[in-house]
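These are the structures, in structure tokens.
Note that chain A is present in both complexes that follow, paired respectively with chain B and with chain C.
Take a look at the complex of A and B:
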């Protein structure tokens, strides 16, 4: 770009739509990230997904501002004057596009840096390629701005900007709600956060999105500024290639991240383990989980480990375990104050035929209630469960533990005779 | 004298309506109403839909689009020149906001008569009042040029959050059901503030 173009860009950045874009992106990005704090705090991949989630709003805003910028010369009635100057058409267009896009980027960078500074000191897992998810974000905003500028040049009406913004938002919602195979949702900027827990995205998704959004931006700009519009076929082909990769992606894109889902355990016994990506909570949950585990000391075959939700239970085989549901976390990666940390035990009863399962399921509920120290509510518990809990807890602790141990042994093989005897003992 | 004044007043109204883009605004409101009905119908009847309650995004965003259309009449072609005329502009501007509100709310309400209290006519009217008031207020404060932007940003930020806690209704009023009485007050206050602000100051020159 020439020196004149740099000067024009500087003026645009200081006095044009760019400051509005920066302020809107900063305020909305901060509000959206703050409202989703519980989803991304202290975890990098959910953090990157949350930034992309916020583009569900930021990209429509960028489209709206792009439309506004694109129609500015016409509103000011200076388009003919600009057209008569001895400058190629792409130069003022590029200045307009760069100004709005840089404004959006600036607002986004502030939000990302501030939120990232909160994640960095706490996060316990840095892998999974989360930075690629984050790196595509500016490309999506650039594409949104370019689409907006093209629309602003093409549609000379007052309401084009808010209408384009609403349509941009609606398209993203529809793409996520109505994409049975998952391919279409990758064609829009926003990403759903809940998929990011313990998962990762293959490189082809990132590559496809870079090609799609980058190609889309270039196509729009070339269509507006090029003397021969046929040249837009080149970036359009790039965008199409990216879209093809995304739509043809098998499944819904996300894949389990085996490293993120590995167990990390507290050093002292009894063992308390969480998934690696939420290992930052280990110090907080260990005392509470060990307190519940202590109840099972002396129970033959009882659970000896407490493990966080989200683990692949098939890897544990028949090992009994306690389940840790950490609940919400604060922006600094602590357990949410005033909220229950749930450490629970849900014994299984793998009985077939089904009638045996139905007949003795209340015994599993009774054992679970004992383990969780949760007296059955007469409102939902069956009379035999309520009475059985009262009988069991009235026994000496050693006999209670022996009953639980016998239940674990009987339930594993669905030993109906042993289960019937256990009924007798709490009748 | 009386005979001469009447045609003059009528001519003034006719010119004012033309100067404030009344015909395209009316056409735009009809188009917004048709789009609102189509989007709401699709959301309520698509496969797997939970019914009328799925119209929430339409109840929040259609009033924004309609208010943006209606606000095209808020700025004068030449604000400074217009104010030199010996006319009671404050009354006229107040009347203009109220008429725009009635037209917008009426057009949108017609599209939500089915299950009107489940993100239908009631919520559309409430949100039309609040959104138009907010845009009118923004027009008076920052000018008509980008008056829709802060309102749109606010709505797009509230929409994904969709808080269910009734205590949040004072700030999440556009996404609350009609049953939430707390959500009606912010809309009414915004309409009152917007109408008063615009009537008092007009569109800020930008």
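Take a look at the complex of A and C:
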């Protein structure tokens, strides 16, 4: 690229749609990322997915700005002057496209670097190939810009840009909501965040998206600028190959990431464990979880370990455990102050169906309330549950623990006589 | 560009026919232009803008042959070379309002494929020639209509074209600017072929060495401004001799067509 071409690009960057693109991407990207903070804070894969989620809005913006840029020549009635110049049409088109795309990228880079700087010092799991998910983001924005420029050239009216933005957003919503196999949703830029927890994407999805979005961008540009439009068949074939890979992907593409979902545990007893990708919360969670675990010390059959949600419980077999729901996470990877860490215990109910407990099912609620130190709300709890909780918690701690141990034993054996006796003890 | 002075005819048009749908804008038009400033006159709808657009390589002839700077415009490889040596200011000058004067002219220097090393000097020179050097870093949206027209002229001459096509270039210029502009045209016309389409016959009288008068898509007069003035008679309308000549020739051409 010659110095004069760089100067032309610089001028487009300063005076064209690029500054608007940078500002829009920066502001909207920051707002969207901030609104999803608790989904991605301190976790790389959800972070990458959140960036891609934001393209649900940023890509339509790129389309709209592309339309605006693409229609500029005719709107400004300058196309005749341009047509009389020597430089092949693809070169000013490429400069124009590059300027808008770079503007979008610039805004996005600021958002990603700022958010990534918050994730990096805290995150406890860096694997899973999250960077591939992130790396496709600029390609999606480039494709969106190219589609917009092609539309802008074809429909150079004032309403084309907002209309294209609305359609661009709508197409993504439809792709996510109505994709029969899940494959179609990979043909749009945005990705849903909730799939990213403890999961990963196979390489074929990343490759397919790179081919699809890259090929789409090239096809649009060639269609606009090439003297012989038949040359667009080459990038179109690349895009089609990528689309085929994506649509043919089994299921929804996401796969469990066994390493991300491994347990990492605090060293001291009683053990408190979280999934590896949430391990950054271990120090915050451990004291509270150990406090709850301490209530079960000496309770026969009581839980001896607290484990974070999302673990494959089948791997624990019959081991009783406390469940840790960390809830929301702050932007710096801390527990949300004043809210939501729930270390819960629900006694195992092996009698199936639940009807087997018959009139004694409320005892499970009582045991759960005791384990969670949560007084039953008189508004929804039965009178016997509310009264039973008051009686149980009024007993000395050793007797409370003995009652819980007996309940666990009776529950496991479906011993209705023993359950009836437990009712008597808290009557 | 002046570095490659053309020896021979700059514009050679023969049997040119241009149609827009059913309407014929130019009819079997023949025209030859060499170095100098050529005025293109004619009433509205005579085909002046169409002819300029064909010569600017943005409109295609239906029939006929157009050779610019010694090369046929149907030859795609030659077209790029022709365009490098072409300057064009259309009747409706389009511009990007957020560009500065310098950026806009520089952008066109790039589009015209000037050698990168010569761009800064060429841009400064073009802006200076239209008298906008003191406003070079002003955004176009802040300029008056006359200044914008001068920017249009600057982008047209930034490559020192061998063939300069100007469609109504003096629209919006004040009398002083028009005088300066005519001086600029004479200067450029020493080495290049300049074709100026205009309604203002006094501009032609003052600046052009040759005049072509079009009516209904045909050339009805070719000659010098003096010859045009001499064609007038006492019965022709107009205040100046050249206006009387213009009117007389048009009247005669229409009478001939009716007969």
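Throughout what follows, the second predicted complex is superposed on the first by the 416 of 427 C-alpha atoms of A that agree within 3 Å, B and C clash if a C-alpha of one lies under 4 Å from a C-alpha of the other, contacts with A are read in each partner's own complex, and residues count from 1 in each chain.
Note that contacts are C-beta pairs under 8 Å (C-beta built on N, C-alpha and C of every residue); 3 or more make two chains touch, one makes a residue touch a chain.
What you see is a predicted model; the values in this text were computed from it and never measured.
K.L.:
Could you classify chain B and chain C on chain A, in the superposed arrangement, as clash or fit?
P.N.:
Fit: chain B and chain C sit side by side once superposed on chain A.
K.L.:
Examine A:83 and indicate which partner it touches, taking first as chain B and second as chain C; both and neither are also allowed.
P.N.:
second
K.L.:
Touching A:5, do we find chain B (first), chain C (second), both, or neither?
P.N.:
Second partner only.
K.L.:
Considering only touches as defined above, state whether A:273 meets chain B (first), chain C (second), both or neither.
P.N.:
neither
K.L.:
Check the residue A:15 against both partner chains and state whether it touches chain B (first), chain C (second), both, or neither.
P.N.:
The answer is second: A:15 touches chain C but not chain B.
K.L.:
Check the residue A:281 against both partner chains and state whether it touches chain B (first), chain C (second), both, or neither.
P.N.:
A:281: touches no partner chain.
K.L.:
Please work out whether A:306 is in contact with chain B alone, chain C alone, both, or neither, and reply first, second, both or neither.
P.N.:
neither
K.L.:
I'd like to know which partner A:324 touches here: chain B for first, chain C for second, both or neither.
P.N.:
Once the two structures are laid over each other on A, A:324 reaches no partner at all.
K.L.:
State the minimum pairwise Cα distance, in Å, between chain B and chain C in the overlaid complexes.
P.N.:
6
K.L.:
Give me the intersection of chain A's contacts with chain B and its contacts with chain C, in residue numbers.
P.N.:
The answer is that chain A has no such residue.
K.L.:
Under the stated contact criterion, what part of chain C meets chain A in this complex?
P.N.:
Touch list, chain C to chain A: 53, 56-58, 80-81, 83-84, 86, 88-90, 92-100, 103, 106-114, 116, 119, 155.
K.L.:
Write out the stretch or stretches of chain A touching chain B in their complex.
P.N.:
Result: residues 20, 24, 27-28, 31-32, 35, 53, 56-57, 60-61, 64-65, 68, 158-159, 161-163, 165-166, 169-170, 173, 178 of chain A touch chain B.
K.L.:
With touch defined as at the start, can you tell me which chain A residues reach chain C in the complex?
P.N.:
Per the stated touch rule, the residues are 2-5, 7-8, 11, 14-16, 72-73, 76-88, 92.
K.L.:
Flag every residue of chain B that touches chain A in the complex, lowest number first.
P.N.:
Residues 28, 39, 46, 57, 61, 64-65, 68-69, 72, 146, 148-149, 152-153, 156-157, 159-161.
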